[in-house]
Amino acid sequence: MIPMSHYLIVSSIMFFVGVYGFIARKNLLAVLISIELILNSVEINFSVFNRYLYPDHLEGMFFSLFGIAISAAETAVAIAIIINIYRVAGNIDVRHIDKLKH
Amino acid sequence: MEWLRFNDTLHIDLGILLDPLSVMMLTVVGVVALMVVVFSIGYMKGERGFGRYFGLLGLFVFSMLGLVVATNIFQMYIFWELVGASSYLLIGFYYTRPAAVKASQKAFIVTRFADLGFLIGILILSSYTGTFDFAALTADNAAIAVGPQANWAMALIFMGAAGKSAMFPLHIWLPDAMEGPTPVSALIHAATMVVAGVYLIARMFPVFQFAAPDVLVLITYVGAFTALFAAVIAITQTDIKRVLAFSTISQIAYMMVALGVADVAASTFHLFTHAFFKALLFLGAGAVIHAVHSNEMSRMGGLRKFMPITHITFLIACLSISGIPPFSGFFSKDEILVAAFHHNPVVFGVLLLVAGLTAFYMFRLYFRIFWGAHHYDRPPHEAPPIMTIPLIVLAVLTCVTGFVVPVHIDWAIASAGVVAAVIGIVVAWRFYAKPSDAPARLAARWAGFGQAASHRFYIDEAWLWVTRRIIFGGISRPVAWFDRHIVDGAMNAIGSGTVRVSETIEPVQGGKVQSYAILFVLSVLLITLLVFVLC
Amino acid sequence: MIGTLIVFYILAAVIVVSSVLAVTSRRMLRAATFLLLVLISTAGLYLLLNYHFLAVVQLSVYAGGILILFIFAILLTSSRGDRTEAHDRQRMVWGIVTVVAGIGITTWVTLKHKFLYSDNPTIAGDQQIPVSRIGHALMGTDKYEYLLSFEALSILLLACMLGGILIARKR
Amino acid sequence: MLTVLVLIPLLTMLALFISRDQRFVRTVVVAGFGALLVASVVVAVKFLVARALSTDAMLLAQDFVWYAPLNIHYAVGVDGISVLMILLSAVVALTGVFSAWSMERDFFVWYCLLAVGVFGYFISLDLFTMFLFYEVALIPMFLLIGVWGTGKKEYAAMKLTLMLMGGSALLLTGILGIYFTSGATSMNITHLVGTIPMAHQYWIFPLVFVGFGVLGALFPFHTWSPDGHAAAPTSVSMLHAGVLMKLGGYGCFRVAISLMPAAAHELSWIFLILTGISVVYGAYGAVVQTDLKYINAYSSVSHCGLVLFAILMLNTTAMTGAVMQMLSHGLMTALFFSLIGVFYSRTHTRDIRQMGGLMRVMPFASVCYVIAGFASLGLPGLSGFVAEMTIFVGSWEHTDLLRRILTIVATTSIVVTAVYILRTVGKILYGPVLDPGHLELSDARWYERVSAVVLIACIVLIGVWPSGVGHIISESLKNLNIF
């Protein structure tokens, strides 16, 4: 059987790769992709803990479920914002949008 | 009546003390004040601030009487200060004249400085004796309780008295105080306020005698020196009021010497007689100034024809101050000379010399005003009766007060004094009664000395240097600079330091989400690490 | 048994490689594709854990819905600037430091920590979760039932819809 | 009963929101502060009646639990010293209103809030409420100076507020220290007396003393004072120098000394040196200033330094003098600032080199200024004299060399005071009129006259009949039993 820690290591690698993308990328969409990675890794963790530690319960699974839904919502809004920014600023570079007003 | 209680033992009372000394002073203050007020009605007529003048005069007389009847040293200090303040206001009466303003400030600050000594003296004295009361202080056994601090206390109290009575080196304010209206000078700066110092020491005399005899020696020498010093300066002055001012200093110094040689009676007697003839001199000078509209001797001369009453009264006063019998000055001066002779021959010699000098400069003044050539655009006229009546009254008093107190006259010493005075008068007559080049020749021979004397031996300049250079330049300016730059600078540095620190750490919160993320993740990691390493 | 293990490692390798490529790729469309790979592999992991429903949701919502959104967004906003995105060297260094430190620390912590039953094969084994149980849990109001969260999520989605429209609308 | 003193300004403030109309605002403010003065007098009378019947330290006391878990009460009560401070504040606040006659509504709103803080502070017995009101009094100051001031007003307001806030940070630490080390179950001052262990007093005393000392212009934390006073509008300067600086002295006395007498005895020498420096330093600093308000600010440093100096002498006489000096300085400096306001509003300068001969032009204001000057330099018959003399006699009661020397140093300040007062008077009031434009200036108006006359009356009252005040103070001090 697969040891739990393997799952966790995979998810943590995914998480930190996401963090790297969040920190280092300048394209807003790339940043958003990184955020998706982070969320995804968190969802994996929820499921894994649920399955291995409390197999009789369903909380972890449900949290993953909700997490997926929330990330869908968040992505939708974020992309709406990004498109709007693109419309206003002409690009989607993080460096140019450090001010909320313009 | 208890006015203010400090603690269980010390409290200020306000009361009235009547004893021969205070009654004598009351007489002097009352009479002179009355004469001066009457005289002023004529003198000040038409002046701006007529009402203010008499208001301030009233304030002064109130304070002076309060001082005289004080039952305790603190009450005296209170009125002492009030007298100083009303003197300040009266000297500065012509407040639009910068010289008057300067003079009033000088008078107040110099006496204030002296009063500081007075105050500290009171504090020392009271903390050892536990009382302010004159009666308790001067009781025979009280002085013993004082101890070794008594010398300090009494010396400081003498400093206060010296300030008020214009003893060297605190005399500088008095000549300048002549900027005030002349009747004011007569009242305050000749007859009453300036002798307050003498009065104070006479009041406290038992304490001096029993607890601090050394201070009496100090008083003697300071007095003798001041007498000589002021007399020498008086010879060279050309402003008649200045001459009278220095003469006042010299005469008060006489009284101080009398106190120093432990003859309170002689001192107060001289105070008594001096008050009248000096007031008379000042009022006479006032009448002259009123007629000629100038203080300078060179603008006067031959006035005896125009102002006969003033002339006669002035002459009486001059004779009296010179110590010619039978005028009052003769008796009181003689008393002092006798006391000094028995005490210390050197002091006696100085006083005798001063007596001669006094006669000389008084008659120099007299001859230059009332004799000699005259040239006036408009002939001066005699003062109105409201001004001459006080002169006459004072002149009469000058003639009779010498006989009020029965004195035993030591004729040997008295004749020495009279001879000195006569020599002085004769010399003055030779020099000034008719045109003569003797003064000029003498002045040329003693040029340096005369120069120094007419500049009052540069004492003013020395004080000015002290105040300008040391107090303003040496202390205040550095203090102000220090405050603005060092203390305030330190406070501002704390402020700007804070701003700088926040500017340095500002980019951390620079609105860049990614930077926040780095910081956030690293911090979480650090905390995780700490938690797991430590657990 | 060993087959599951092999499948897991393959999936793990795909996830790691794809996610790295997804965040480093210059071209956004490629990045999106790699993200798709990651998401699909994650669905595989869910299958391995016997969360079949979750795997399906993952595929349909993430791989199906969100990624389409991404691709639209990329196409809408693509311009020449996208490909020549300059790298901020300082940022990269910080990112790498953070990532290395993070992976190191989490791995160390994960390995060091002794989980209860973590290697219990019997429980982790086979049971599928029936969809009816999921449905009841989602719609119930008892303990361990999630109607409130479900409704909250619905409102959130509605709000996002409105917000998305409002933001993206032409002014 | 005492709460009325807080409620009146509060209600006045609320009433001001009704209308912006200038006449209405003036009526409300004058009525409000007039009522406040009346209420203060009533409180004083009630206090005297109660004092005759009771020997408690604090009279007219009331106590409500405010926040039980932290033992915070709303506790009020007065002794003779607070009563006098209340009277002083009421007089100065009312005259301040007259000096601020042409100000707009919003100014008075903050002014009322300031009064709320001041009165609340003086009636508080609970350390927490005291601190609260202290802060309430400080905040409006920032706006009053920053918005309605002149010159470098933003800088001055910022500096003043920050320095005072710095002081209150120390204070808060001190108060918490007092609360937690005393083991008491209340923050009421009367309950805290004698409960603080000696070891803790050593660190709490300096904190509290410096904390209050900043407001009392303790060297070297006084530099907010010149800038603040110079920038503030007239009535704010009056209230600030006249009343707010007294908050510092009062706090030093009420909290630092009376709760921690042992530490005060041990540590007083350090602060005596500092305050001794304040006294002389302020006086010398004033000598060369050219801005009228700066002269007064430095003079305040000197006089308030004397207050703290006397408090630290730790005997009844000197402390009586300290309270008298607070009263005297409050009245006198308020008078000064109101007259400077009069001059400034006419001549539009505060530089003494540009003024001259104003006695001719504005005789009333000038005479008042001379009287204020005399009060400041300690002329008998005016309040300054009795205060200073009581302080000097009190500090002379100590026989050790340090205190003797410091006392002599402090007494020299009266000469220096004379120097700068006369210099100012001579420059601006006497002499010929320098600026021909000044010849047409008008004298003080009726409201400015009211303000000056009331203050002078109080100064003379204390100066002529000091034992009335002195008695109240020394009785209260005896009740404290701290010496």
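Residue numbering begins at 1 within each chain, and the chains themselves are lettered A, B, C and D in the order written.
Operating definition for what follows: contacts are C-beta pairs under 8 Å (C-beta built on N, C-alpha and C of every residue); 3 or more make two chains touch, one makes a residue touch a chain.
As the structure is a computational prediction, the values presented were derived from the model and not from experiment.
Distance between subunit B and subunit D, defined via averaged C-alpha coordinates, is recorded as 36 Å. Between subunit A and subunit C the centroid-to-centroid distance comes to 7 Å (mean Cα coordinates, whole Å). Averaging C-alpha coordinates per chain places the centre of subunit A 62 Å away from that of subunit D. Centre-to-centre separation of subunit C and subunit D, using mean CA positions: 68 Å. Annotation for subunit A: residues touching 2 or more other chains are 19, 23-24. Within subunit C, the positions touching two or more other chains are listed as 91, 94-95, 98, 102, 106. Looking at subunit B, one finds that residues 514, 518, 521 touch two or more other chains. If touching chains are joined by edges, the resulting network of the protein chains shown has some other shape, matching none of path, cycle, star or complete graph. You'll find the chains touch as A-B, A-C, B-C, B-D. Looking at the complex, you find that subunit C touches subunit A at residues 1, 4-5, 8, 12, 15-16, 19-20, 22-24, 28, 31-32, 35, 38-39, 42, 45-46, 48-51, 53-54, 57-58, 61-62, 65-66, 69-70, 72-74, 76-77, 79, 81-82, 85-88, 91-92, 94-96, 98-99, 102-103, 106-107, 110-111, 115-121, 123-125, 127, 129, 133-134, 137-138, 144, 146, 149, 153, 156-157, 160-161, 163-165, 167-168.
By the touch criterion stated above, subunit A contacts subunit C in their complex at residues 1-10, 12-21, 23-27, 29-30, 32-34, 36-37, 40, 43-44, 47-48, 51-53, 55, 57-59, 61-62, 64-66, 68-77, 79-84, 86, 91-93. By the touch criterion stated above, subunit B contacts subunit A in their complex at residues 510-514, 517-518, 521. Within the complex, the subunit B residues that touch subunit C are 514, 518, 521-522, 525, 528-529, 532. Note for the complex: subunit B touches subunit D at residues 2-7, 10, 12, 74, 77-79, 81-82, 85, 88, 92, 95-98, 100-102, 104-105, 108-109, 112-113, 116, 119-120, 123-124, 126-127, 467, 471-472, 475-477, 479-480, 483, 487-488, 490-492, 495.
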